[in-house]
Amino acid sequence: MAAVADTRIKVGIVGGTGYTGVELLRLLSLHPNVELAAITSRKEDGLPVASMFPNLRGYVDLCFQTPENAPLDQCDVVFFATPHGVAMNQARELLAKGVRIIDLAADFRLQDTKAFEKWYKMPHACPDILADSVYGLVELNRSKIAQARVIGNPGCYPTTVILGLLPLLEGGRKLVDTSHLIADSKSGVSGAGRKVTVGSLFSEDSDNFKAYGVGGHRHVAEIDEQLAKIVGAPVGLTFVPHLVPMIRGMFSTLYARILPEALDTDFQALFEKRYANEAFVDVMPAGSQPETRSVRASNQLRIAVHRPGGGDQLVVLVVQDNLVKGASGQAVQNMNLMFGLPEGTGLQHIAVFP
Amino acid sequence: MAAVADTRIKVGIVGGTGYTGVELLRLLSLHPNVELAAITSRKEDGLPVASMFPNLRGYVDLCFQTPENAPLDQCDVVFFATPHGVAMNQARELLAKGVRIIDLAADFRLQDTKAFEKWYKMPHACPDILADSVYGLVELNRSKIAQARVIGNPGCYPTTVILGLLPLLEGGRKLVDTSHLIADSKSGVSGAGRKVTVGSLFSEDSDNFKAYGVGGHRHVAEIDEQLAKIVGAPVGLTFVPHLVPMIRGMFSTLYARILPEALDTDFQALFEKRYANEAFVDVMPAGSQPETRSVRASNQLRIAVHRPGGGDQLVVLVVQDNLVKGASGQAVQNMNLMFGLPEGTGLQHIAVFP
Amino acid sequence: MAAVADTRIKVGIVGGTGYTGVELLRLLSLHPNVELAAITSRKEDGLPVASMFPNLRGYVDLCFQTPENAPLDQCDVVFFATPHGVAMNQARELLAKGVRIIDLAADFRLQDTKAFEKWYKMPHACPDILADSVYGLVELNRSKIAQARVIGNPGCYPTTVILGLLPLLEGGRKLVDTSHLIADSKSGVSGAGRKVTVGSLFSEDSDNFKAYGVGGHRHVAEIDEQLAKIVGAPVGLTFVPHLVPMIRGMFSTLYARILPEALDTDFQALFEKRYANEAFVDVMPAGSQPETRSVRASNQLRIAVHRPGGGDQLVVLVVQDNLVKGASGQAVQNMNLMFGLPEGTGLQHIAVFP
Amino acid sequence: MAAVADTRIKVGIVGGTGYTGVELLRLLSLHPNVELAAITSRKEDGLPVASMFPNLRGYVDLCFQTPENAPLDQCDVVFFATPHGVAMNQARELLAKGVRIIDLAADFRLQDTKAFEKWYKMPHACPDILADSVYGLVELNRSKIAQARVIGNPGCYPTTVILGLLPLLEGGRKLVDTSHLIADSKSGVSGAGRKVTVGSLFSEDSDNFKAYGVGGHRHVAEIDEQLAKIVGAPVGLTFVPHLVPMIRGMFSTLYARILPEALDTDFQALFEKRYANEAFVDVMPAGSQPETRSVRASNQLRIAVHRPGGGDQLVVLVVQDNLVKGASGQAVQNMNLMFGLPEGTGLQHIAVFP
């Protein structure tokens, strides 16, 4: 334990002006083992970070730097809080210097480069590094993450859907009809990031509710790849994301039809057992109806398992804060694992209520 | 048409202090054929209605009266914007005076009195009147409504679910698996009414999203009864309602599995044809993703039909304003029919955007 | 009156893709004397207006056109719902064809072209037309507006501040210290328009409150010019605008110190008398505390007059919907006057509550 | 310092079901020197605290207890997060057992018992204890607080108004006209607490802005008493509170007229100097426009000083989180002082952004 207390991790952040970037700063600037060494933004070069994000006044003294001037190659780990396509172009050089990489975008999420190309409209820049990278869902890949040099941090929707279905699918279980899974997901607006579009304006999203991407969403490819790997065969998933007029929070309502031979299963027990030792996955008591605010600004993900009327339709409810467990918090959880720290270091935040 | 212009309807409202009551006032006070004759509230007896609802200043001069003092029996029609159980106890007396009744609560929605008793925790007070009443979903029961003396105005959720599934189920069609229908519904907070509960406080609902009633919701009985009637046999429906941090608006995402023999169906055309002559049901172009704000404060209900990936999972999206098409607007639409007026009289409001 | 019913006004709208544009469409498409003839948008040329704004489906059949193709010169009146600087460059040509102009931007609000140049960073393109234009605050300039060919439709903030102070200042009255007036104003986010900026994103404005423009705001020049004209001498005004996390609504809290010789004034009576005949200015009963929602989506402006503790500090509270009385509704009110119609034609909307 | 690390404070909370109560729990359950010993609620006796507030799952194992059963007299300090009037009736007994008291309600805020009686409609139960209590505004009364046995934790509005005016008034300074101060304040809805009233419903407060208490608000008495004490003479203050549709956050816009002889004052420097050593008062750089979200869920209060147009009107902008610095955070700050801990212990939370 003395060793842990002594661990100092030099951290760089590429692209610190978006929501996952500022959330990383909120978490890392109070992390006991982290030294923030550099944060880049080509556009805001020279600007004190706390001028853009006044919540950090007194906690972060860094200024934004251009990637060229920032001492990224002297860091132990670099987080990419950038648009898709940035990390994969800078990975090789950093790895050569011994820097580890955690990408919060999609560059290292999909092993299927054709799916990547289809959904992200660009060829993959480093398939060899990708092949060596690890999908950073801790509850699924803990031991691999501890050894990884490159982490593809999961997408926010996939985190809820995969963790919400995992106990039903893994270990060769035949419990539900895997060809007709449904994920009806709802996200707060910060999930769309800080880029300016009409669709993210207050006057467009407030007092409104809508579906989007019904015809197809990038995260389906990611979920499909992971679920197929868990099951050992392709699955059929209908995924409908919706936009909720709230800043943070994600809610997935998952529907799975129980197979006739599995009707006697105690699903509550199954979920409780699977996640008994997971600090950041909370299987709530039977009958619970989780709310997104119960995880606001915390790294917690909560699950409730329902079977309305006792029939053959299983309903799993999953909540998380899309910017924490769904992005930056999970990224820090990965970092902790990679550097031998207790997984929850720097992540002991109680959700802000109300 | 001259006759129509001459029609004067004397209207009474019982229980005008809730959200459906004030919405009735907004719609009826500008209705060209309506004379507001009385509005009751035992608690607010004597108070000018416009003192409680300043939006009505200059439009409504009435004061609240006790039911005893209000000239309800001299009205042509009385709307009940009351808690469940009020209308059924006053119906007989009013009917005897020739007054027609439109109940916005549940007293005349369920023909199955056992289901009523189970969900509303009270015996039905007048089964004979109930048997004679009509379920006021205009697009389903137009001709019966025109002749009705008592209308059970549909619940808000049922309006979206029934209209969203109707074209798939009626006429003996075998298009989808009716034993595993799913309605994932989302409502603005005004759906819970104006009664004071912790669960309806701003600080509880704002910046939050949650499911509720997963174990069972009153509206399931109503939907089940209507769908069974349409299909001619019981259906299986999983209904999960959610609460959205917005005042008005309701969104239902409906999932139905297409039967193998129906995979060639043109569902877009099916819906368009069914509702071609309906003024208040708008089947949007293929690929549309409706938003609740597109119907805010209007009587419009909009539907979009999707089939993600061209597979066997049909996804129907339905939006309405829960206080208008889902309650008071639909009630006025019923009144127009009952008195021989053009159905849209007084309901030509364009949704408020943004 | 027969003449009025026969009046047909051909209307064009330049720049219909912003919030004041779509609000004009909501109001004008139901206006009994208006024929919508053209709506322009260079960027959206050819797109059906109702595709961009689904709330208009069934009410507006027009497509956007480029200004070159749109029959603006055949209109009776053209509304400019454009950025500042557009109307003044198209005014001369339209006027030559006999088309009247109502500009919802600032081109014809300030007679002081130096102030215009200072705040809007461009020289005025047509000072002669400006000199002939009328400031379109109906309650102040009713008779001039009826004769005007060009209207500068007031800014949203100025509408609340001027109407809130007018009874105190006009007619040579010496009631309050005009050298130290304070307007602490609060606006919903739609006041910033539909242009995309980080500052207007949902995730930036929701669950947040801030002041902006404390060092100086364009509307100060406009208010100053009008108040000076009313008083007959320059006034001193401190104006601090704030941003409220709501879509529509504007609230101004006005502070004026009562002069010693005026302490006996009955301010409530003064305001009531001044606005007794104004359909769209509602002086509420003494002690009232108006809410912005009491005018949501309506052309009403409400005022309450307070004198806390009976001292020498007068507090005037003013609410309006910034997009209606503060913009598009007021513009329609101006149009009605210009074409001899009853002032409230097409503006009989009851505020949407809740 | 070793002593500090060893300090263990046994803490009791009376009335833990409201917003200040759950906020105390969020802060105290992670406080390194605190042992939560008891939390009372007569109504929720026996219920696990984390059942009511799921954000505390895994952090707080306590159940609510009745006041009779709770070991309050064995605590080192008891926080009262109760309605006004509770603490003063339990104070004597607890003090006799050596328990210190921090009251988050108004029982120990006003030394003027007549003012207390006027505003809170009850006689004071223990004027002798009141006389001995300390007004817990740390930046004003630090040394007295360290010695206090009973703390009256300041109201949320007074915290912003007093700290925003303090540098102008203390030390016998003659800088502004103290007879005509104005505080135009705006609060998030959580300031009204968790009690159920129509006025706190989501559908009443969302998408709305209003003033309230214009005729007089309890907090005026508290502000008046403190300012008079600072100045050494009565002051004249006009205070207008407003309600903002957000959960947390408070913003006060303060107006003070600069005296002719003080026009040369460097007010920015004055404020910076006054608060240079205060960890939780942040005087922002000249020209700053603070936002409430910059302090969301943190104990920070930020101030910006403006002088629009360089004239004689000073405008001071103050933001805080009403539940932290305006209530529970400030209470913990007081506790730290009372027990000899570094003032910021357990209060190092970075504001949640976005």
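Each chain gets a letter, A, B, C and D, in the order it is written, and its residues are counted from 1.
Just so it is clear, a residue touches a chain if its C-beta (ideal position, glycine included) is under 8 Å from a C-beta of that chain, and two chains touch if they have at least 3 such contacts.
Keep in mind that this is a model prediction, so the values were computed, not measured.
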item	value
Smallest number of contact steps required from chain B to reach chain D	1
Chain pair, A-C or B-C, that carries the greater number of C-beta contacts	B-C
Centroid comparison with chain B (C-alpha atoms), farthest chain	D
Classification of the chain A:chain B interface as same or different, half of numbers criterion	same
Between chain C and chain B, distance of the C-alpha-averaged centres to the nearest whole Å	37
Chain centre separation (chain A, chain B; CA means) in Å	40
Inter-chain centre distance, chain A versus chain C - centres from mean C-alpha coordinates, in Å	46
Where chain D touches two or more other chains, by residue	19, 188, 190, 203-204, 206-207, 245-248, 290-291, 293, 296, 354
In the complex with chain B, residue positions of chain C that touch it	19, 22, 26, 29-30, 53-59, 190, 206-207, 247-248, 282, 284, 288, 290-291, 293-298, 300, 302, 348, 350-354
Chain B residues within the chain A interface of the complex	180, 182, 184, 186, 188, 203-204, 206-212, 214-216, 236, 238-240, 242, 244-249, 251, 253, 255, 257, 287, 289-293, 296, 304, 306, 308-309, 311, 313, 315, 317, 319, 354
Residue numbers on chain A that touch chain C, as the complex places them	19, 188-190, 194, 196-198, 200-207, 245-247
